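The chains carry the letters A, B, C and D, assigned in the order they are written, with residues numbered from 1 in each.
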Amino acid sequence: MDAAQPLIAAGRRFDARGWVLGTSGNFSAVVSRDPLRLAITRSGTHKGELTPDDILEYGDGVVLRGEGSASAETALHVEIVRARGAGAVMHTHSIWSTLLSHRYAEDGGLAISGYEMLKGLSGIASHEHREWLPILENDQDMPRLATVAAQVLADHPECHGFLLRRHGLYTWGATPAEAVRHVEILEFLLESVARSKETASWRS
Amino acid sequence: MDAAQPLIAAGRRFDARGWVLGTSGNFSAVVSRDPLRLAITRSGTHKGELTPDDILEYGDGVVLRGEGSASAETALHVEIVRARGAGAVMHTHSIWSTLLSHRYAEDGGLAISGYEMLKGLSGIASHEHREWLPILENDQDMPRLATVAAQVLADHPECHGFLLRRHGLYTWGATPAEAVRHVEILEFLLESVARSKETASWRS
Amino acid sequence: MDAAQPLIAAGRRFDARGWVLGTSGNFSAVVSRDPLRLAITRSGTHKGELTPDDILEYGDGVVLRGEGSASAETALHVEIVRARGAGAVMHTHSIWSTLLSHRYAEDGGLAISGYEMLKGLSGIASHEHREWLPILENDQDMPRLATVAAQVLADHPECHGFLLRRHGLYTWGATPAEAVRHVEILEFLLESVARSKETASWRS
Amino acid sequence: MDAAQPLIAAGRRFDARGWVLGTSGNFSAVVSRDPLRLAITRSGTHKGELTPDDILEYGDGVVLRGEGSASAETALHVEIVRARGAGAVMHTHSIWSTLLSHRYAEDGGLAISGYEMLKGLSGIASHEHREWLPILENDQDMPRLATVAAQVLADHPECHGFLLRRHGLYTWGATPAEAVRHVEILEFLLESVARSKETASWRS
C-alpha cells in the first residue's frame, strides 16, 4: 500500500524521541473517502519497527486487507477523519503528554499561547494564537470514548488535537506529513509548557 | 545461537535510551526448559555493542558454550525463569529506576496505577490496574539475593518486574520481544511517576 | 549548490537533538557578497530531512534559483550577514531557548559567564568572559523585526547570538561549520543555565 | 594509527549523548611509554565527527605526526598517564558534570556512594564503595592547571576521575575501552546524583 511508507517513517521518527514506547501509539492515513478506507497500524506492533505488513486496510468496520487486528483505537481515527476531513491521524504517547493530560484533566483541557511554534499548526499565522487542547477522560470502552471524542471535536471546531488522560496525544492533518508536523509541534509545546512551570520557582 | 539476535537487538535499543551504560544490564532467553539452558550475555560487555560471541549458553551452573563468564547475576535470571515460566529475562539500569528504587525502598515497592501504558503489560486490560513493583535491597551476595528474589516472586505472583535498590529494573516475558516491551513499558512508567512528582509543586 | 551540503548536514545534526521540530529553524550560507547571494532553506521544510532542492538561492529580495519561498525570516539573515560579515546564519528552536527567552525577556537579555564552553565562541579565550545574549520581542511583522534586530546588533557589537522571545536562537559564524559550533555552544549554555537554576533549592 | 579508531568511536558514542558539543572534549591513548607517545585529538575538532587525520601523535612536547595542534589540554593527559599508568585518557563536557562541578566546588569534590553502577569502575567490587571525585578550579593557565592536577592525583590515589569546575569530567583507563566505560559510569552517576537531589522535596 502506498500509504504505508509515511506511516512507517513516522513511527521511526517518533520512536527516536521516545513517543511510542512499548506498543503504544497508532497511525492511520485515508486511502479513499467514499467508501471510507483507512491504512492503519496493526494492534500490538512496535511503532518504531513497522513493516509494510503491519499496515492494514480497514473499512466498513472490518480489516479488508492484511492479517491481525486494526489498532484498538480505530474508532477514534474514524471519528476524527469524519469530523475534520483529515487525511491522516496520529496518536503518540509521550511522557509530557501523559503528565499534562493528568495535571490539567479537571480543567477539561490546556490553553497554549504565546509560542512561535504555534504557527506550525495548520492555519495559524501568529504566536498570539490561543490553542485549546481538550483533555478527555481515558476509557476502555471504545464506542463510548469515540462518542465523547466526536462531541469534543464538535464543541471545539478549531482545535488541532486532543489529549486522553494519561494516555497521550491525538492529532491529525490533511496529509501524513502534516500530521507528523502537528505531532512534533504539539509535543514540543507540551514539553515547553511543563518545563516552564518549573521556572516559576526560580527567583523572586 | 538463534537466541542471540533478539538479545543483541535489545541491547542496541536500550543503549540508545541510556538504559545500559558502562557494562550495566544483562539479558537472557530460554533455549530449552528440560534441562534448563539459557542464552545469556557475557559478563563485562557493553550491551549496546554485543556480538554473537557475547551470548553464552548456560546450564547446570556452568557455561556450556562460549568463552568468558556468564553475567554475575545469572542466578536471578534462573530464579525468574523458574518462578514465572519466562522465556526471556531483561535487566536494565536507567537513571529513573535507580532513583525511584532508592526513593521508595523503605516502602518495599512502588504502586503504579491509572496509566494507559499499563495495558502493555501481559494480561493487563485496563489503565485502572494497580501494578506493584517490589524493591529489593541491593546485595553483592548473589545466592542470598537470588533467594530473596525467589521469595519476592512468590509473595507477589502478579508482578511484572521488580527493582533492585539503586541497581535498576528486572522484568521478563514469554518471549524476548515481550520482555523488551515490558522494559519499555516499565521504564516509561517509572519516568512518568518521577516527573509527575515534580508537578505537585506547580500551582495551588 | 555547494553551499547546500553543510546546511543539510546541520539540519540532521540539530534534528537529532530536537532543536528543529516541526518546520522550525532556518539556515543560510553566503554564496557571494557583492552582490549579496544567500543559500537559504525553503520555508515549510523539515530541517532534519532537507534535500538539495530545499536550499534556494536568494538575492535582491527574491528567490533567484529553486522553487518555493525562502524562509519567512530571510530578512533577519540578511541583517546579520550585513552587520557581522557572517558567512552563515543559523536559527534553532529548542525547548531551553524558548523557555529562557521568555523567563528573561523583561531583562532584555541574559548574561552567561564562568563556563569553559564559552571558549567555543569565536574570539573568546577564557571562561571568565561574560556573554550577553540579547532577547528580542517576537513579532510577525518581519520588516519591523529586522529593523529591531539591526539595532540590537549595533548596540551589542560583541554578541555571538540573540534570542527571539519564545521563538528560539539566532547565531552565525564565518563559515557554516563555525555557525554550527556556535549553535551547539549556545544551546549547551542555555540548558546549563536553566538546569543550574534548579539547583539553587538543593541544600542550604 | 591503530590508536585512532577507538578514539573516533568514542567520540561518536559521546556525541550521541550530548557530552562533546561544539569542539569540547578531548581523548588520548598511549602509543608507547618509553619514550612517551600519545595519540591525541586535534584541537578545534568536533569529537563526534573525527577522522583519522584528526588524531595526532604527540611526544616530547611537540606534535610528531599529523597537522594542526594537539588538544590545548594535552598537559593534563600527560600528567594523568604518568600518575596513573593509564593507557587512555578521556575528557567529556556534559551538562551534569558542568552543573555539579560548580555546585560542589567549595567542598573540593563530590562523594558518590551506594550505587551499583560504581562497580563498573576498575577495581571496585561493591556498591558500598565511596568514590571521591575531586573538583579543580578551572584555569586557562595550562602548566599551572597540570601542576594542580598532578597534586590532586597524588592526594587522591584511589580516584577514578576528577571534575574541572564548569568544564567537565576527566577520567582514564588501562585501555580506551576502559576509559570509555569510566566515562559512561561517571556520567551516569553524576546525572543520578543531580536528579536525586530534586527528589528531596517530593513528599514529607
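Definition applied: a contact is a pair of C-beta atoms (placed from the backbone, for glycine too) under 8 Å apart; a residue touches a chain by one contact, two chains touch by 3 or more.
Not measured: the values here are computed from a predicted model.
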Contact-graph separation of chain B and chain C, given in steps at minimum: 2
Interface composition of copies chain A and chain C: same or different, split at half: different
Whole-Å gap between the CA centroids of chain B and chain D: 30
Chain A and chain D: spacing of chain centres that average the CA atoms, whole Å: 43
Residue list for chain A, restricted to those that touch at least two other chains: 16, 198, 201
Chains grouped in pairs wherever the two touch, ordered by label: A-B, A-C, B-D, C-D
Residue ranges of chain C in contact with chain A within the complex: 16, 18, 21-24, 46, 93, 95, 98-99, 102-103, 138, 140, 164, 166-168, 194, 197-198, 200-201
Chain D to chain B touching residues, read off their complex: 16-17, 114-117, 120, 125-127, 181, 184-185, 187-188, 191-192, 195-196, 198-199, 201-203
